[in-house]
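Please read through the structure below; I'll follow up with questions.
Lettered A, B, C and D in written order, each chain numbered from 1.
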Amino acid sequence: MPETLIKVDLAQSPYDNENVHNRWHPDIPMAAWVKPGADFILETYDWTGGAIKNDDSAEDVRDVDLTTVHFLSGPVGVEGAEPGDLLVVDLLDLGPKADSLWGFNGFFSRQNGGGFLTEHFPHAQKSIWDFSGIYTQSRHVPGVNFAGLIHPGLIGCLPDKKLLDTWNEREVDFIATAPERVPPLANPPFAATAHMGKLTGDAKAAAAAEGARTVPPREHGGNCDIKDLSRGARVFFPVYVAGGGLSVGDLHFSQGDGEITFCGAIEMAGWVHMRVSLIKGGVAKYGIKNPIFKPSPLVPNYKDFLIFEGISVDEHGAQHYLDVHVAYRQACLNAIEYLKKFGYTGAQAYSLLGTAPVQGHISGVVDIPNACATLWLPTEIFAFDINPGAHGPSLYVQGDTDLPIAYDK
Amino acid sequence: MPETLIKVDLAQSPYDNENVHNRWHPDIPMAAWVKPGADFILETYDWTGGAIKNDDSAEDVRDVDLTTVHFLSGPVGVEGAEPGDLLVVDLLDLGPKADSLWGFNGFFSRQNGGGFLTEHFPHAQKSIWDFSGIYTQSRHVPGVNFAGLIHPGLIGCLPDKKLLDTWNEREVDFIATAPERVPPLANPPFAATAHMGKLTGDAKAAAAAEGARTVPPREHGGNCDIKDLSRGARVFFPVYVAGGGLSVGDLHFSQGDGEITFCGAIEMAGWVHMRVSLIKGGVAKYGIKNPIFKPSPLVPNYKDFLIFEGISVDEHGAQHYLDVHVAYRQACLNAIEYLKKFGYTGAQAYSLLGTAPVQGHISGVVDIPNACATLWLPTEIFAFDINPGAHGPSLYVQGDTDLPIAYDK
Amino acid sequence: MPETLIKVDLAQSPYDNENVHNRWHPDIPMAAWVKPGADFILETYDWTGGAIKNDDSAEDVRDVDLTTVHFLSGPVGVEGAEPGDLLVVDLLDLGPKADSLWGFNGFFSRQNGGGFLTEHFPHAQKSIWDFSGIYTQSRHVPGVNFAGLIHPGLIGCLPDKKLLDTWNEREVDFIATAPERVPPLANPPFAATAHMGKLTGDAKAAAAAEGARTVPPREHGGNCDIKDLSRGARVFFPVYVAGGGLSVGDLHFSQGDGEITFCGAIEMAGWVHMRVSLIKGGVAKYGIKNPIFKPSPLVPNYKDFLIFEGISVDEHGAQHYLDVHVAYRQACLNAIEYLKKFGYTGAQAYSLLGTAPVQGHISGVVDIPNACATLWLPTEIFAFDINPGAHGPSLYVQGDTDLPIAYDK
Amino acid sequence: MPETLIKVDLAQSPYDNENVHNRWHPDIPMAAWVKPGADFILETYDWTGGAIKNDDSAEDVRDVDLTTVHFLSGPVGVEGAEPGDLLVVDLLDLGPKADSLWGFNGFFSRQNGGGFLTEHFPHAQKSIWDFSGIYTQSRHVPGVNFAGLIHPGLIGCLPDKKLLDTWNEREVDFIATAPERVPPLANPPFAATAHMGKLTGDAKAAAAAEGARTVPPREHGGNCDIKDLSRGARVFFPVYVAGGGLSVGDLHFSQGDGEITFCGAIEMAGWVHMRVSLIKGGVAKYGIKNPIFKPSPLVPNYKDFLIFEGISVDEHGAQHYLDVHVAYRQACLNAIEYLKKFGYTGAQAYSLLGTAPVQGHISGVVDIPNACATLWLPTEIFAFDINPGAHGPSLYVQGDTDLPIAYDK
């Protein structure tokens, strides 16, 4: 049996677990060391460290303190790893904690993080998803059942000081261009809620003051929320510090491309079984800037899709130049309108797009002035026929359920 | 045998073919009428109407007059189609013209259209792709061979006057925000090179003066450049005018997501065999704004990919807010750098990303401030192993070929 | 455009086309020669040479002279091919003749060939399938529409004299073990209806007297009826004579595993575009006895199946020892009974299993005394839901159609 | 968390676990009862109940007492299930026991069970496969690594007395046709080693005397060894006795079609998480004789294959009439010869065909006198390129490993 290098106790605060951290900083001590070729298990909290409960109230989503996220397990040091190497990570398997076979999805209040469609869904809402083996379903979103494309939303190696400084400078300067914006343009370092693993005292204080927040994906990978980084995948990470320092967290049972609901995919506590090895000098050899990866041979094979197009003209008729973000947003809104014809509420439809193995494709990005994006909705996950036909849609979902909502205080 | 409703003669100018047009306008007369349930064939020019030749010079790409494109075959009227219906189009099959078994890909000069990576590839370049049954390969991009994902880059119904006015107003206003920009923000109506099908005289002049350019995708579909709209797919188009008025053109033998090279995919003259039917009142019944579609059961099944990540920090280090366009651009640049390690020139790599069945996925669009996009490069199309390994890359491509280039005059 | 080396005129008897033959013999002269690396097109008759018509009578199926089949196009000589080489054949594309967009499927009378289920379907019956681009449907088998998995039922190289003698000896000896059996155990050489290509006079008579019949698959490949040898596939054939002598015919628009209906798949006249090359000495290098092949990246991607099990206890309760033939027969009978619950006649169901992209898997062959085989029926080809459910089946097919039947005279 | 209804302790003899049985008989008491809709977990021994060890000796395979197998967990009664119903079983997930992350494959001695190729591999041999998350590899078969297609080899409901009598009569009569055969034609009831679950005393003795052996697949399913009955699949079983009485065992981490090595696939101890429901009267409604099933959306997606053909002429040149068993045997032998060219021993190659996700397809079963079968070998599971090419094969496997062998005493 592979060794579990890091354990987490869901009844304990993640701040009390010294093998967990919630900021990126080169000074965070390795939680454990392994040799190249080793395989091992890391347990993880859900990204909020247990702030969201399996109940029917969205108040926890409304009130969550987003300065505390994401709680990552690690860093793991790999003997012999040096800056410029590629750290090869095989995600041999991963899953939910056996004592926690459920996950959550939600939309943050516009006042506290928002989301991709926060103009349309400005209040905190939540759905709970139960796991039955490889499948999941929700009491808040009836009529669907699908196999999970389990993956870590967040994984990567520690930055070195130079890269950290680049991040902080880049993002703090960016915030300064619109400091009053809600939600903000980016999140600056914030020492008060920083958890720096085994660091204590002054060293901790110093690192906490400049530790990069974990929210955005960056050069090292990080919070990429790539659903296809699933169990069985192989990832090649740039190494910046001696030992690499691999950390992982934010496990998802399933997610649609874009993680549009932000809070988030189907978020869960879980474990990752991985093997590590090295390509010495691989960064230069292969010209690597961001991580690259190979997908798993074992992913849910949904192949019948209903595909929604969107272009970069927003819902108010305004023109945006080759803007894929706007185009995908339109495709999402189009899909939501469609799903409402079958009885779903808007919130249920939005939640579905954030959780199901929906694909978001970039279709055309050169046909001025409009980008085109497509949203691929798998039809096989529905308990009824959602294809269009001469008969028109039927109200398969009867309107007696919806996502709990919590209005801003 | 299905009837060929529209024929094109590649030796003839498309301007001399009255069943072809290159603008969108409700007054363009139907080229032919069919009944619901009918299947028929439309032949098409390549999108430039023959301006690009099967040779080893890029001067034609440099000099092409982009006010002439795209030459579409149609419009086809469907009896009984009324505004608010959905026109169901089955793309039963499509292919290259039997006397023209090749296609082209190219990058426009930055002075004449540009492209997704025009800062890095500012000059006109071209590659020619030969078709061998279901496969294609290029004398300008060695080491690859792949099955075509044949599709129309451009297909849709005629707009009504109100929709046309919306387009023109929206885009002309937009151009006005940066009228000197090169390339321009959008393309306004341009009567001089308009081809309005069977319209003649004053009616033609009036329509040409306000006919919408065919470049962008819009609410009716149009130039979506969705590679997955492939032979065997079923598309549901909103109908705006009596009869629908379906036109099609810009056929591609293959294309990567984004059609990043702009000129374009693997562009070809060809034919489309389609069947049409109607869902009466389908626009309201299903809440349709843009077309929706179902993919084909018969598409190239490449499944082993090398996946490149990109984030919305551009190559100069500048931060962009959740900008998928920038993120995909970075993923493309990352892939090009990688391919160069195997001996490809940058232009060859860029061309490959524009032509091969590369997927562009939207991965994370909520993790402020960075969007994350992924580019999926199928590994099976290469004649050699492009996976990373401890050995490092080998120079499989020997540098004795490249894309022809034509510098600005 | 690739050259069409062999043309066939469907209005002409195949006996009048000297580039066609219906027996295997090393003395058949090459119809054409090509160089390694060449690609070219061969047109083919349907396997019966036009004996079966697009009409609603099964009399042609009843009366067909099975000593005349299969009419093959070739042999094509490849310069430099020597015995012991592997001839690599890329099936670049293939399709129906443009003037013949239909195919037939049928069951032979038990008195004239029979079929896999001839005890249950002892009379000649026929269904006609129309092609609509990549799709096919039949007026005799309503409720289904599917994409063709187009392939040659029969392809291979000429045997040398030694191999030919082995075949004849083996099969004639075998017939002698039950010479009166109906249908016979095998088919011996039969000069009267032999067509030996360009051979004439005494040479023809001599070869016709010993030319092997084309019915069975043998060491060289031949009539393997492997549906997965589809367009885009690459096949490696053993070479026995100088030049190889590649012949092809018996094209199928689609077929279920086993070609259980025998007459046959969806049989059609068509064309094959192929490229040939050589692996010198490949037979010994790779230890090859029968052909090997790699499937195409481009095949219909049906993936939702209803799977029927069968074991090697026959429908009369008799036990057979690890007999996969019997097990698959039971799986087929089980599927037919199931389909009848939805309104299909037995003949329609049988025809469907012979034509649709049904898979036949060998499941267990060691669990004495029963073999287990499975029949995989793709659910997506049906216009209605054929899955089992608490509601029970509905009569989607109304019983107003059936296959034409022709009783023995 | 789902309840574990049946636990097994690998340190305890299965004979001491009253929720396990190794014969089929209607009198075996239910180990547990559940309601329709319930989901629950059953743990299982490996099929031999622990007789085969994780070591490098094949003596245990040589000496195993095959009258003891298979040890099944169950039967589970479903409230309300009546004869004639269909029991719907969702295989929600399954896996190896956490304290036993390995499996075995082997060939029995010809004197003790034999196997598909026992003439070529007459002695007991064994390979051990270690599990690393979703992947497996073996110290005895180097150069391969693949994702498991985890499934139960054996699952089904209890027969009623009438069906049991049919089995016993059929098989005992069959044995009588060649009573001295080695290996035997079938296995008769054998009381001495029967384990009848909770039955004791006279009732046990009576049931043991007539309890059907678990080796063959039969009408109820049973030992079908269908690799595609994998986690995520839904199976519909005929019910013969009140409560159904579902039992399961013989779990496989992976298996090739045919389970040709007989001992067996990659055999493991494990657990099955399943949900049960009923279709009342479903047997008659759907005309069901054997179980039917729908495959999982989540199976290893290997798609690049090297495909070997075999025909029903055996390796001694003897002709067999449309015999798929012989044809598949030839395809297997052809694949083994091919693999030996890359350095594998015959035993390694044979083991690989029994364990990897190899497909066995029935290709042609009507082309007298030869059946054609194909063996599909996934190329992606190899650490090297096994495709044929002009270069010829290289000895990637160096011959320093092989399967342990144990000669008959």
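Heads up, the rule we're going with is that a residue touches a chain if its C-beta (ideal position, glycine included) is under 8 Å from a C-beta of that chain, and two chains touch if they have at least 3 such contacts.
In this text, all values refer to a predicted model and were calculated from it rather than measured experimentally.
Q: Across the interfaces A-B and A-C, which one involves more C-beta pairs in contact?
A: Between A-C and A-B, contacts are more numerous in A-B.
Q: Work out the mean Cα position per chain and let me know which chain is farthest from chain B.
A: With centres defined by C-alpha atoms, farthest from chain B sits D.
Q: If you average the CA atoms of chain A and of chain B, how many Å lie between those two points?
A: Here chain A and chain B have centroids separated by 32 Å.
Q: Rounded to the nearest whole Å, what is the centre-to-centre distance of chain A and chain D, using the mean of the C-alpha atoms as each centre?
A: Roughly 40 Å separates the two chain centres.
Q: Once you find the CA centre of chain A and the CA centre of chain C, what distance in Å lies between them?
A: Here chain A and chain C have centroids separated by 51 Å.
Q: Using the touch rule from the top of the page, what residues of chain D touch 2 or more other chains?
A: Touching at least two other chains: 301, 304, 380.
Q: Which stretch or stretches of chain B touch chain C in the complex?
A: So the residues of chain B in touch with chain C come to 1-2, 39, 91-93, 98-99, 101, 132-135, 146-147, 231-232, 273, 275, 296-302, 380.
Q: Report the residues of chain A in contact with chain C in the complex, numbered from low to high.
A: 301, 303-304, 380
Q: Per the contact definition, I'd like the list of chain D residues that touch chain C in the complex.
A: 86, 115-116, 166, 170-171, 173-174, 183-187, 215-219, 221, 223-228, 236, 257-262, 264, 279-282, 285-295, 304-311, 313, 317, 319, 321-325, 328, 330-331, 334, 337-338, 340-341, 359-374, 387-390, 392-393
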